[in-house]
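As written, the chains take the letters A, B and C, and residue 1 is the first residue of each chain.
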């Protein structure tokens, strides 16, 4: 049993590497081997400016979502938690959508992602306001529900105020989540924030483990639950907010990956964190490859593919949980 | 007589138009089906590197047959880059990441808004014509459109009618749309505009019940084989609206430009049908 | 090993939502003994234990560990010196037993080496006789087995003080005595053991000292025989009880006859 665990991380890393290569190779334009020679400048442009950032973003965002999902499930002690639970991803989407609606997203490539990050920061501040003084997981989750509801209502309002069906369609397409045509700019904006958020999450590893014994048990082990809550909420918020700001909403990764890995890696929350990041990267890369090899001309939005994978998985999970209880 | 003169003008201008300058764009990519429809009227197909894949849709695109013979893209940056275009035409509502990617790689694109009036649509045609260095062809297209509008204009002394467009989901053309503009010219007062609806928004059915228009322009669906034309709108309350109904293809609202020719003729025919019906009723 | 440690409670008052749960309680616990805190439901036992463990904040009063008020201690330091076993055993994840017991070493993560931690875990599992379950998933164990594993977690911390809230609840008699023996041997080794308990007879059997809390105040404090007098029991619990000598076995037991007819 212990030997299986030792092989998980190397296997996941190999999978991520393989899928990253696939992501770079797959696409409508076939890149020949002479892409590395001087002759094929177009091929090099496509490779370096389009395929490479897309693959790297797949890794970074996938890792972010997997890590956030494992962390949140550990903190809330609930395997049904998802990075969107805190409402920060909805607020990030709202911020980005506002920049499209007001027409400022055109000014500069950084405007849309930074608006998304702005939305995420407002969301985290609101969380602090609503759930700040308590260290209660329940209050945190309820605050997240409220934030999500507000953000979703805001997005619906923006859509209904759209000047034309085409403007509304543009917003809807962005919301459905994609990595298509993302650039190194998007990588440059999201990566530092994701790195900081990931560091915050990783420093609260012990608190997650201690919470296996419940809130009283964790506190009796000397854990400062209020500090742990804000490290986690801050970390998850940054990681998820930066991801959504760049890619739109890609769901289910944070929910599905920790579940798949728990039997392989063990249920101890801290040991699940890094493998979930690797698993998330693999899942998002795989989805991004699938969207490009599915038949039909246009790429299906990545968020749609994730939902198509995630929803049946979720259903199967609920079904098996039901059987365990009865 | 006017029509024959126009044909002569077209013939003369197309023969007399100078060849494209050396620096005129020769690899033009268009990412939007409305812009495609304008582009194919302005430049020979050799200068078109690709149009949008939506232009091949046999139901919604007026240039579907032609588009089958032209290269297309699915509007992804990779495809566009691989075509090495010297001009890209895009809608303001195209995907922002794709535009950012083009900008990074140094590919120049021009953005076009949705035109909100006939004047804006014609200005757009002239702008595209200037960009592709086919000003003369642009004037020909503009002239053809203006001629069609004149032909459909409300005759002197004929009474104005009230009308409303009503598509699936209650989508209508309100004020500040090309459709509304044309309706005004044809002699149809837009009920939606009267209720303050701007651009393309859904219209409440009760507004139609409160002010039944003389003419209800209701959408058509074309089945896969193009033969089935059913009334899309099946709402029970609509049966109470005793307006004259006439087909009005939803695609008339999507694009303007050359589509205006067909659209304004359809509006005029609808108007004339109402006149015919009321004359028939009066003579009974 | 002689641990000379004292937990002193002075003027401890806890008020929640307008209700007074503890009223100016003063008591001192000494290491090297087992103290049982008894009282009717709602009397304040769990609240007292929570305050003494440093997990609940009182409205007034202080709890001092060897002269230092608990809030002045770093949370880690307090966790190293006082171990707490909550009443409701929460185990959120299906981890294996060795992992669960090792959680007791969390307060030592910056202070002890991996080897020291592993050794402490091993000792704790040996003392609770749970070593054979080391790789089993905790959720597959029965209630009694789980209770032993949770106790092993507490022992892994090797702290001076072990505070446990209702450690015998839900255990069958055999497991109850097993746990009781373990707690007594810990006291014999010099640790301070404070527990809350409902079972009067078991309390009388294992405790060196009994403290009875009634309506937030201490109404009795002493050896079991001195504190659990029939009149006290009648007043606190409303029951008729008496001490019965069982000649063959030695220590006297409490027999409860029934509710007191008043």
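Assume a contact is a pair of C-beta atoms (placed from the backbone, for glycine too) under 8 Å apart; a residue touches a chain by one contact, two chains touch by 3 or more.
Since the structure is predicted, the reported quantities are computational estimates derived from the model, not experimental observations.
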Chain nearest the overall C-alpha centroid of the shown protein atoms: A
Farthest-lying chain, centroid of Cα atoms versus that of chain B: C
Geometric centre distance via CA averages, chain C-chain A, whole Å: 44
Separation of mean Cα positions, chain C and chain B [Å, integer]: 82
Distance between chain centroids, defined by C-alpha means - chain A, chain B (Å): 41
Sites on chain A touched by chain B in the complex: 27-29, 42, 45-46, 49-51, 100, 105-106, 109, 112, 163-167, 169-170, 173-174, 178, 180-186, 297-299
Residues on chain C engaged by chain A in the complex (per definition of touch): 50, 53, 55, 74-80, 82-84, 86, 88, 90-96, 99-100, 103-104, 106-107, 109, 135, 153
Residue numbers on chain A that touch chain C, as the complex places them: 1, 77, 206, 209-214, 216-217, 219-224, 266-269
Residues of chain B that touch chain A when the two form their complex: 53, 74-79, 81-82, 84, 91-101, 103-105, 111, 114, 171, 198-200
